[in-house]
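By letter and in written order, the chains are A, B, C, D and E; residue numbering begins at 1 in each of them.
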Amino acid sequence: MSTSLIDLQKVGMTYEAASGPVEALADISLRVGTGEFVSLVGPSGCGKSTLLRIIAGLRPATKGMVEVTGEQVTRPIPDIGMVFQAPILLKWRSILRNVLLPAELAGRDAGKLRDRALALLDMAGLGGFAEKLPRELSGGMQQRAALCRALLLDPPLLLMDEPFGALDAMTRDDMALELLRIWGETSGARKTVLFVTHSIAEAVFLSDRVVVITPRPGRVAADIAIDLPRPRTVELRASEAFGRLNFDVFRALTGRAG
Amino acid sequence: SAQEKVTFALNWFAVGDHAAYWVALEKGYYKAKGLDVTLENSKGSGDSIAKVDTGRADAGLADAAVVIASRARGTTVQVVGMVFDKTPMNFFSLTSKPLKTPKDLEGKTLGAPPGDSQRQMFPAFAKLNGVDAAKVSWVNIEPAAKIAAVAEKRMDGVGDYSTGLPLYEKAAGKGNVVMMNWADFGFDMYSMSIIASAKTMKERPAVLKAFLEASYMGWRDVIADPKAAMEIFKKRVPEVDVELMTPNMLLGIALMKTERYAKGGIGAIDEKKMCDSVELVNTYMGLPQKVECKDVFNAAFFTKVEMPK
Amino acid sequence: MTLSALVGRYWPTAALFALLLALWQLAVSALEIRPYLLPSPAMVWNALWQAGFSWWPHLWITSLEIVGAFFMAAIVGVALGTAVAWSPLVANALMPFLVFVNTLPKVAIAPLLLIWIGYGILPTMVMGALIGFFPVVINTAVGLSQVETDMLDLGRVFSAPKWKIFLKIRIPNALPYILSALKITATAAVVGAIVGEFVASQAGLGYVIANTQSSMNTAVAFASLIWISAIGLALYGVVVLAARLWAPWAEGVE
Amino acid sequence: MTLSALVGRYWPTAALFALLLALWQLAVSALEIRPYLLPSPAMVWNALWQAGFSWWPHLWITSLEIVGAFFMAAIVGVALGTAVAWSPLVANALMPFLVFVNTLPKVAIAPLLLIWIGYGILPTMVMGALIGFFPVVINTAVGLSQVETDMLDLGRVFSAPKWKIFLKIRIPNALPYILSALKITATAAVVGAIVGEFVASQAGLGYVIANTQSSMNTAVAFASLIWISAIGLALYGVVVLAARLWAPWAEGVE
Amino acid sequence: MSTSLIDLQKVGMTYEAASGPVEALADISLRVGTGEFVSLVGPSGCGKSTLLRIIAGLRPATKGMVEVTGEQVTRPIPDIGMVFQAPILLKWRSILRNVLLPAELAGRDAGKLRDRALALLDMAGLGGFAEKLPRELSGGMQQRAALCRALLLDPPLLLMDEPFGALDAMTRDDMALELLRIWGETSGARKTVLFVTHSIAEAVFLSDRVVVITPRPGRVAADIAIDLPRPRTVELRASEAFGRLNFDVFRALTGRAG
C-alpha cells in the first residue's frame, strides 16, 4: 500500500427530493491504497451504495473531495469493474452476451473475450446457462452473472455492492475464495477492491481493512485492519484471531466500540 | 424525327369531357403534328393552373373563372381556347323539394365545394335575378360528397355543372332530379377552357398551336361519333364507367353545339363574352387587384376546326 | 417558469423558426416563387391580421372540434386498447377490424360519413376522433402488455380480480405509452378536424382553407395553417404538461 | 402455424367480419340504401373480380407506395426520435417544429407539395411518409427516455460513449415503443399513400377510387377500399411478425 | 401441528424454454402444518423460489400434487402474504401506498389500514420514508417495504423468499425477532410461515423445521426438526444445541449427511 488509489476527504451527500432532502452521507474520509482489499459494512440505508456510486463517478458528491488515482472525480472513471446491488442484466441479451457487454461498450473485440466470458460463467457455476435469458435464471444466478460481467475486462479496480448477497452460504464461500484468487492474493499484481457486504465474517475473511459506517447519515465509525495471514483459508475461520476481529467489527457496528 | 414533348394537365380524374384528348391520342392527331402528348390528372382547376403556371405541364384544362382569378394572384396563364360554349353552371335539387327558379333559393341551404364556380358567381346570379343572396346559406363539401348531399336530402341543393345530371339521376333515380340551368336565367359565362402559360406561348408557339388544333380534332370526332369516342376512351382508361360517362359526355357536347362554334370552329373564343366573364370575376370574387380582359386570353394559337355536320 | 427560464428553454426553437422564416423569405424572393404557391412570410403575417373577415368564430369552432376529437379519440382509444389487452380473444377479433377501419382513407368515404353522421361540429369531432384514435389503441394495448411477470404475480398473490390488476398495476405501468399516444393524437386530432371540415362545413379554419384555396388566396390559407398549428401546439403543450403533473415518474421528451 | 392453429386464432376475427358482412347486407336490403351510397357486399364482391379493368397494376403501384412510405417514415422517424432523445437542446428546437409539421393538414398542402416535389410514385411515398412519421418520432423519443437510471449507470461504468449507450442499451430498451409505433405507421402509410394518390395520380387504388367516385361507381370504390385494407392488414401483419422475430422479449398484442 | 396446511406430493417442475428445458424441481414431497414455521435452505438455483410460486398458485407444477388447506391448487390461493425475492415495488406509488396496495387489490378499505401500514413501516425502520418513492430507498429499505406490504392484511399464511437477504446482520436480527412476534410465537394463534433463507443460523433460529433442498433439480435432502425452546432469544445462539443444529443443516446442505 504505497500510493492511495482512492482518496475521499469529508465527502457528504444529500439527496434532494420533492418529499424533502435525505442526508445519505456526512463527512466521510477514507483512503484505499493500490492493491488493497477494503470492505465496507454498515446498517441498511447508511449510504454504502451511494458511496460506491460517488467513487465510480456516477453521482457527484454534494460535499467534499473525491480523488481516484490522484485525479478529481467528475465523471465516470475508466477501467473499473462494478457490481451493482441489483443484477441489472439486459433482458434482451443472453447471459453470455450480458457478460460480454462491457467489451462491446468499451469498444473491445467481444469475439476474443468469448472464451474468457465462458470461463467466468463456469467459475460462477453458470456453465450451462450461457444461452439463457436473464429471466430464466434464479435471483442468485443473476447476481453471479453480474459478477462475471464486472470481471470480464480484468479491471484493476473493483467496486462491489453486496455481490454475494443473494447466494447461499456455500456458494458464497466458494465465490469468496474465487474472488481472492482473481484479486491476486497469491500472484504479484493485486487489484484494488472496495467491497460492500452485510456479512461481518465475509468482510473479515476477505479484507485487509474493514471500514464500518454509522447509520444514516453515514460516517466512518471504525477502520479496522485485518492482520490475518494470507492466503486466507477456510480453516482460518476457526481461529481465535478471526473470532476476535469479527467481534471487533460487530462492536463497531453496534456502536459499543466506545 | 424528334417528337416535341407536351404535358397536358386535365382538370380532374377521368370524366366524359376528357374523351376528346384520348381520341386525339389514339388517332395519332398529336403524333402527326410531331407531338408526344402525356395526359395528367389533377385535383381541380387550381391544381391544373398551378401545374401549367409552374411549368410542370405545358397546357391544361381549367375553369375560366378560376383562371381569371388566378391572374390576380400572379399567374401567367391565359385561355387559349374554349371547351364549352354555353355555361354548364347549374343547381341540382330533388323533385320533392325542387329548386326551379332563382326565387326558390331563398331560405335554402346549398352545398358546393369552395372552388365551385356556381358558388363564386352566385352573388352575380342572384343580383341578375333579384334574389337576396344573404338568404341563401352555403356549406362547404368535398366534391365527392355533392351527389349524396342532394340525393340523401342533407342539403336542399348543390351547385354543379349540368353535365353531371346522369350521376345525380343514378343516385336519386331518373325523373327525380331538378335542374336550374343558369343559362336559362340569363346568366352566361365561360367555364371550361384550355390554358397555357406565358412561357409556353412565348417559347413554343408552334407546338401550342399544333396541340390546340389536334385537340379540337379530337373534339370534332367526339361530337361526330360519341359512341366510338367512348370506346376509345374506355380502351385508354379502363377505369371509366362507360354507362355513366356516355350521357355525361353527351351533355357536354350539347353545350358545344352552338352558333358560335358552328361559325368560328370548335373552341372559338368570343372576346365580348370573355370580357363579360372577367368583369363578373372582378366584381364578385374579391380579388386583390383588377384583372384586365386582354390579359386573360390569347386567341393567337387558335386554329379553326370545323364542327362536324 | 420565469421568463429567463422560458428563454433558456425555447431559444433553440425560436432560433430554428427564425432560421426557417428567413429561408422561406429568401426562397420566395430569390427563386421568385409565385405568391399563390408560396406567399412570403410578410404576406401571411398580413393575412393573419387583415384577412378581411374575423378569425375568431373559425378559431373557436375549430378549437372546439379539435378538443372534442382529442377527448373522443383518447377515451375510445384507451377503452379499445384495454379491451384488446384484456383477452387474446378480443384482440384477435378486434385488431384486424381496427386496422381495417384505420386504413380506410376517410376522405374516400366522405360521402358515406356525410350521410351517416351529417355535418357540423359534432360530426367533425367524430371524424377527427376516427382519424386519431388508432395510436391510442395500439400504444395502450402494447403498454398494457409490457408489464413484468413479477408485477402481475404481485397482483395475483393478493387475489386481485383482473380488472383491479388492470386498474392498479397495468394501466399505471402503461401510462408512459398512453401519454406518448396522447401526444400523437393531439396532433392527429388537429388534422382530423380539418379533414372533417373539408368534407362538409360552414365555418372553421378548414373551411377557410378550402374557401381561399379555390380563389388561390394562398396567403389566407397559410394564415389558417398557422392558426391550426398554433392550436395543435397548444394542445400538445397541454398534454405534455398534464402528463408531467399526472405521471411525473414517466418522464419523457416534450 | 398449422391450419387448425390459424383457425383457432382467427375465428373471432372471421366471426366478427362475417357478422359485419351480414349486418351490412341486412342494412342494404332492409333500409333500402341506394347502391351508389353503400353497395351490397355481393356487388362489391362482383366488382372485386369484374371491375372491367385489371386490378394488378393499381395494386402493385399502391403497394409499392405504401411500403416505400412505411420505410421512409420508419427510418426518418427513428432518426428524428433519436435526435430528440439525444439532447434536450435538439428536443427543444425540433419538437415544436415537428408538431407544427404534423398538424399541417397534408390534404390541404398536398397540392402545394406535389407542385414542389412533383407527381408519381416517389412523391406519393413522401406524402405517405409525411403522414406516418410522427408516431415513430414520439414513441422512439419517449421509449429512449424510458430507461432506468441503473441501466444507464451500467453503460457509464464501462466508459461507453453516448452513442454506444444508445445503440446497446437505450434503443433495444425502447424497441417495444418503436415496434408499437411501426404498427401505427403501417396503417398511416396506407392512408398517406391514398391521400397522395387522391391529389393527382395516373394509377393506383386511390386513383381508382377518385375515378369511380366521379362516376358514382361506388361498388368499385368499395372494392378498392377492400384491397387497400388488405394491403394495410398484410403490412401490419408483417410488422407484427417481424417484431416477434426481431424482439421476442418485447411481446405485445397483435 | 395437527392438520397439514400445505401438502406437496412428488412435485416436479420443468421450465420449457427456447434454449432447452430446465428441470428446476424433481420429486418434492413436503407437508407444512398449520401454525408451523418452516424454513427452506438450499443452494442458489435449486428451485426454492419456484417452489414458493407453485405453492402460491402462481405457476402450475409440471408434475405431482399440490394442496393447500386440503384443496388442489389451480390458481392463486387467497389470504396469503408473500415476500418475493425482489422487492417489486410499484415505482409510481409512494412507499406507504405500496404497502397499502394489498388492501386496494383485495377490495379492503385502504384508509382504515393506513395506521397499521405506518406502524409496520415504523417497525421496519422506515418511519420517515412513507412518502418517498421506491427509487429513493436503498436496496435493503426496499426489501423491508416489501415485507411490510406482505404483512399488511395480517395473513394466516406467509410465503417469504429471502426477505432479509439485503439486510445487514443487525437489522436482520431485529427483523427476525419482529417476525417471530408477528408469527405469534408467544400469543396463541400462530400463522404458518414458509421461509426461504440463505442463512443457516437464521433458519435454525426461526424455525420449527428446516427443510434442506438439494442442488438443481431440487429434492428434499433433509427435513430437520428444530427442537429449541420458544420463545427464541438472542442468547440461544450461544447454546450448544443451536450450534449442533446449525451443523446438522450445514452437513445436509453440503451433502455430507450420509
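Just so we're on the same page, a residue touches a chain if its C-beta (ideal position, glycine included) is under 8 Å from a C-beta of that chain, and two chains touch if they have at least 3 such contacts.
As the structure is a prediction and not an experimental result, all values here were calculated from the model.
Chemist: If you take the chains that touch chain B and keep only those that also touch chain E, what is left?
Modeler: Both-contact set = C.
Chemist: Which pair wins on C-beta contacts, C-E or B-C?
Modeler: So, comparing the two chain pairs, more contacts are at B-C.
Chemist: Which whole number of Å gives the spacing of the CA centres of chain C and chain D?
Modeler: Distance between chain centres: 16 Å.
Chemist: How many angstrom lie between the centres of chain A and chain E, each centre taken as the mean Cα position?
Modeler: From the centre of chain A to the centre of chain E is 27 Å.
Chemist: From the mean C-alpha coordinate of chain A to that of chain B, what's the distance rounded to whole Å?
Modeler: Averaging C-alpha atoms per chain gives centres 84 Å apart.
Chemist: Suppose each chain is reduced to the average of its Cα coordinates; what separation in Å results between chain B and chain C?
Modeler: Centre-to-centre distance between chain B and chain C: 38 Å.
Chemist: What positions in chain E touch 2 or more of the other chains?
Modeler: Those would be 86, 133.
Chemist: Could you say which residues in chain C touch two or more other chains, in rising order?
Modeler: 37, 107-108, 111-112, 115, 198, 210, 213, 250
Chemist: I need the residues of chain B touching at least two other chains; which ones are they?
Modeler: Correct list: 46, 50, 54, 144, 147-148, 152.
Chemist: How do the chains pair up in terms of touching? List each pair.
Modeler: According to the stated criterion, the contacting chain pairs are A-D, A-E, B-C, B-D, C-D, C-E.
Chemist: In the complex formed with chain A, which residues of chain D make contact?
Modeler: 150-151, 153-160, 164-165, 168-169, 172-173, 175, 247, 249-250
Chemist: For chain D, which residues count as touching chain C in their complex?
Modeler: 9-13, 15-17, 20, 37-38, 84-85, 89-97, 99-100, 102-109, 111-112, 115, 134-135, 138-139, 141-143, 145-146, 176-177, 179-180, 183-184, 187, 190-191, 194-195, 198, 206, 209, 213, 221, 224-225, 228-229, 231-233, 236, 250-254
Chemist: Give the list of chain E residues in touch with chain A in this complex.
Modeler: Residues in contact with chain A: 15, 17, 19, 22, 41-45, 47-50, 85-86, 94, 125, 131-133, 136-141, 144, 162, 165-172, 198-200, 250, 253-254.
Chemist: For chain C, which residues are in contact with chain B within the complex?
Modeler: 34-37, 52, 107-108, 110-112, 114-115, 118-119, 197-202, 207, 210-218
Chemist: Using the touch definition up top, name the residues of chain B that touch chain C in the complex.
Modeler: Result: residues 44, 46, 49-50, 53-54, 66, 69-70, 73-75, 111, 113-116, 120, 137-142, 144-145, 147-149, 152, 154, 285-288 of chain B touch chain C.
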